[in-house]
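Here's the structure, in structure tokens; my notes come after.
Chain naming follows the written order as A, B, C and D, and within any one chain the residues start at number 1.
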Amino acid sequence: MESDAQHKQSPYMLIWVVLFVLTMMEVFYAFLELPKVWLAAGLIIMAIWKALLVALYYMHLRFEPKRLWVLAASPLPLVAILLLVVLRENF
Amino acid sequence: MSTTEQGMVQKAEPGVHHDHHELPFIRQYIFSTDHKMIAKQFMFVSLFFLVVGGLLATLMRWQLGYPGQPMPGGGILPDAMMAPTPGGAVMLPEFYNSLVTMHGTIMIFFAIMPLLVGLFGNLLIPLQIGAEDMAFPRLNMASFWLAVPAGILMLASFGVEGGAAGAGWTSYAPLSASGEYTGVYLGQQLWLVSLTILGFSSLAGAVNYITTVVNMRAPGMTWFRIPLATWALFITAILVLLAIPILAGALIMLLFDQTIGTAFFLPEFDGEPLLWQHLFWFFGHPEVYILILPAMGIASEVIANRARKPIFGYHSMVLAIIAIAFLGWIVWGHHMFQSGMNPMLGTSFMISTMAIAVPSAIKTFNWLATLWKGDIHLDSPMLYALAFVSLFIIGGLSGIFMASTPVDVYIHDTYFIVAHIHYVLFGGSLFAIFAGITFWYPKMFGRLMNEPLNKVHFTLTFVLYNLVFWPMHNLGLQGMMRRIYDFTQYEYLQPLQPMNRFITTCVFLLVATQAVYAFNFFWSMFKGEKASANPWNSNGLEWTVPSPPPHGNFAETPVVHRGPYEYSSPESDTDFLPQTAPPRRQPDRPLEPTPTPEGA
Amino acid sequence: MTWSWILPESFSTFAGDVDAIYYVILWITGIVFVITEGLLIYFVLRYRHKEGRKATFHHGSTRMEVAWTLVPLMIVIWIGVASKGVWDRMKRDVPDNAMELIVTAQQFEWQVTYPGLDGVLGTEDDFTLLNQLHAPQDRPILVYLRATDVLHSFFLPEMRVKQDAVPGQEIRVWFEAVAPGDYTLGCAELCGTGHTTMNGTLTVHSQVDYDAWVASQAQQ
Amino acid sequence: MTTSAAAVDRAPMPGMKVYNLKLGLWVFLLSEVMFFTGLIGSYIILRFAHPEHFAEPGVVLNVPLTAFNTFVLICSSVTMVKAFAAIEQGDQRGLKRWLLATIALGTFFVGVQAFEYNVLASEGFVPVAEEYHAVGRHQPLDGPAIGGPLYGSTFYAMTGFHGTHVTIGVLCLWFVFWRARKGAYSAQSFGGVEIIGLYWHFVDLVWIILFTIVYLI
């Protein structure tokens, strides 16, 4: 496949360490005495960060043609729409 | 058509090789992986469900035309459905609710959707883009064989204790979430399981269609040379792909509420009934376009061909389809204006809903402009297609009334809505399906349908159809609410009795009329006039192969040189110019533009 | 048979605006309907196939595309804007000085709780009637809409009022009747086998009669 | 120009420069994204509507155990990419070894989840609304209930659906492993390994989100 070379350089173990550290940080951060908003924001940022690392390196998105990125990102606007409306909806 | 060596290995699929002549019967007709056979399988099954749905409608209409009066022959139905009285069997409200629910469910999920997506998706996509078959033929077969048990479960629910689901095809919680409100336990659960299985079937199909269109187009078939039917089916597949999982999740949560007693939609445990409506319509509105986009595509094909004229504004047609697909995701709230949703949201949903009317308008005007200065052949596919346009106009315009929130306050949940949805789904989708089946019948059975019979069927159906559904607007405006077992309970609705009786009469005739098409359909299969490869003098790739096309479709991979609607082109001596015809070399202008491998 | 596209007579303060918007839309869509269907029929007849006719080879015109994109867009957006005001008035801006009632929907009846003589809800002289909604004329009525079991829809056709009743929520609905009389109270959301029987009456009195009626009720 | 045009003309036209199976799986993953979006959206609606139904992190749910389990799943992703990298080099033994490791880790994850379910159920934390009586990890069993039925319902729905995905993934991995034993894959053809890998990483990715939303917020 086109990107054999990059795959060999793909820093699997480094990513693994980062993911491990981030998970630890999350658990630590979740129990800090902070306002709920801060906690939620921080945790979500870290979670998305981890998710991106997995997608980019383990799922090789980083080495795929651009249009596959577009494909992979295509449902995200819908996710945003649903969640936004859901949040505006105060029952 | 794969590009890499992995791809080549992956192509080791049955149905892609060309050694099919010695296929055993069961592999050829039952567990076939040939997209054309799967298309036919979908067609037969969903036409059967179309008949079932129609019969359910006649039962419903009897109760509305003759409320509480004994139904002739109703006695043959079990007492759980029809209460025996001295005068005869009278329909029970439980059964009426089941009829309302199952008519909607079967027509939408087991008739119209599989006809448009299952039949035309399978039949047209590979043929029109010049592929030998779908990308995943076995997945394709699985898609059909998942739909069958789903349909069986749905029908079986009529026979179970408590009867079939009776909470409407939208199954609003909590009515649907606990049997204690309706007395329907197993029926509702079967409904949920059946639709979940059907969801998997649709997903399998969608993955297949998208992959096929993206990756398996013949050389030269750039994005903007793809016929509009395939464009519509491609976008539809994307909608299915992204909308069905939302429904599946909601269905399973509702099933949990029903069976193991979770709290998602049950207010008694602080569950949220509106959550169901949000999830259902977040799926449900894209679903509406799943049900109309392929019909638009079919109509575009037929109209351009029978008017012998290039489709007016091909690019804007494609862009309109795409625009609908995007906007379709931000309008679902217009089903919930009166639901107790935040009125602020109501306003924003109204605006987005108004906006989505525009792409549909664009397509309509383009169809009209295609007819302008055409050479219109009024044979049956064209008649059905023109009926689609004229009735879709009505359905689209009546939608504007509901989009306006204050007006919707009054007409919401009335027969105005019933009229609207039937003008779009029956007048729109179903007439397009008639057009499509008639038009591509040669590619399925190698023969043409009987023209006079079709004209009879068209005339009767068109007239009766309008006699049935046009007055329903007026019923709604008089305030007659939908899904109502006996409207005469309301004093102010009693004057509507005559009109309801009139509609009922027309419905019986309308359903009876369909026998003409059914007869023609089967008769032509054996006795119809043999069809040449290209009976309609059409440009598409599917018309370059014999009728019906052999396994593997194309003897050699076709090369595409132009768009699909070059009718009456000066470049050609006849009034059509196939996509595969090599361009005439003219010294003044270079050969055709080079198709980039990426497509447009 | 009532083939009419006229709305039945309405008797609430905002109903006039609702009907007005309906008629505006009816006119617009009616005109578009006549034009489009007319063109369709005309083209089909005019350009019907004859020997030797060849269609013009014409791929479209951007100018017209833009035209019939923008014109409909402006029309529908205008309708939307026009609708917004009425919508807000109906669903959001509840007038103060409204008389308050509690309507509780349950399979298959409407329980209407009146404030009683003191005109205050939640006091011991409140009383509840089944399927009878009594209201004074020319006074905003604010209904606290509740449901105990499933979804129902509080439908007063002559008042142009419709609002789903959602269990677990209390939704505020208001209207102001402009003429005394007996009107329809119905359920517009499928709520089970008895859905069709879930109807009652809205009786609008003049303020005097209403007070008298409340007093008579308070006796029992 | 003409010749080059002709040349390009003959070429197939894959819109996505990846082979069918891989594209198909990516397309399938999109629908998976929407599926979990529906679940998470429901969770958000219910949680905002009824915060009192949900307990503070760590009170009812066992965060340390699940954090460890999360780590297990992340490790399984690493072994998965290792298997993929191995077959890219045509290293059959490596492929099989790393596949087995992935299977083991995946099974272990499901096992821990089952164990966790058992413990939680014994503490009255159940999906069934009527029987919900979660007392949390550090309170006596007859103590007051913490949170409400929505907590149990959403928790089991979200983690349960994910667990199902992991289980299916393990089964597919067994299938791939079985084919690998028969030498079905090589440095030239490793489609099967790649797509099961993509699916596996996606399931891992979903868990990263769910762990944060369900356990930590």
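In the analysis below, a contact is a pair of C-beta atoms (placed from the backbone, for glycine too) under 8 Å apart; a residue touches a chain by one contact, two chains touch by 3 or more.
Treat the numbers as computed from the prediction; the structure is a model and nothing was measured.
*Asks:* Across all chain pairs, which one has the most C-beta contacts?
*Replies:* By number of C-beta pairs in contact, the leading chain pair is B-C.
*Asks:* Approximately how many whole Å separate the CA-defined centres of chain C and chain D?
*Replies:* Using C-alpha averages as centres, the distance is 47 Å.
*Asks:* What is the distance, in whole Å, between the centres of chain A and chain D, each centre taken as the mean of its C-alpha atoms?
*Replies:* A distance of 14 Å separates the two centres.
*Asks:* Taking each chain's centre as its mean C-alpha position, how far apart are chain B and chain C in Å?
*Replies:* 31
*Asks:* What residues in chain D touch two or more of the other chains?
*Replies:* 15-18, 27, 30, 34, 37-38, 41, 45, 49
*Asks:* In chain C, which residues are in touch with two or more of the other chains?
*Replies:* 169
*Asks:* By residue number and range, which residues of chain B touch two or more other chains?
*Replies:* Expected reply: 4, 6, 242, 268, 270-272, 274, 278, 282, 598.
*Asks:* So which chains actually touch one another? I want all the pairs, not just one.
*Replies:* Here the touching chain pairs work out to A-B, A-D, B-C, B-D.
*Asks:* In their shared complex, at which residues does chain B touch chain C?
*Replies:* Where chain B meets chain C, its residues are 92-94, 97, 100, 166-168, 172, 174-175, 181-183, 267-268, 270-274, 307-316, 338-340, 343, 346-347, 350-351, 354-355, 357-358, 361-362, 364-366, 368-369, 371-378, 386, 389-390, 393-394, 397-398, 400-401, 403-407, 409-410, 412-414, 471, 473-474, 477-479, 481, 483-487, 489-492, 495-496, 498-499, 502, 567-570, 575.
*Asks:* Can you list the residues on chain A that touch chain B in the complex?
*Replies:* For chain A paired with chain B, touching residues are 1-2, 67, 75, 77-78, 81-82, 85-86, 88-91.
*Asks:* Show which residues of chain D lie in contact with chain B when the two form their complex.
*Replies:* 1-2, 4-5, 8-24, 27-28, 30-32, 34-35, 37-39, 41-42, 45-46, 49-50, 53, 127-130, 148-150, 152-154, 156-157, 161, 188-191, 194
*Asks:* Hey, which residues of chain C end up touching chain B in the complex?
*Replies:* Result: residues 1-8, 14, 17-18, 21-22, 25-26, 28-29, 32-33, 36-37, 39-40, 43-44, 47-49, 53-61, 64-65, 68-69, 72-73, 76-77, 79-80, 83-84, 86-88, 90-92, 107, 149-151, 153, 155, 157, 160-169, 171, 184, 186-197, 199 of chain C touch chain B.
*Asks:* List the residues on chain B that touch chain A in their complex, please.
*Replies:* For chain B paired with chain A, touching residues are 4, 6, 242, 272, 274, 278, 282, 329-330, 333, 341-342, 344-345, 598.
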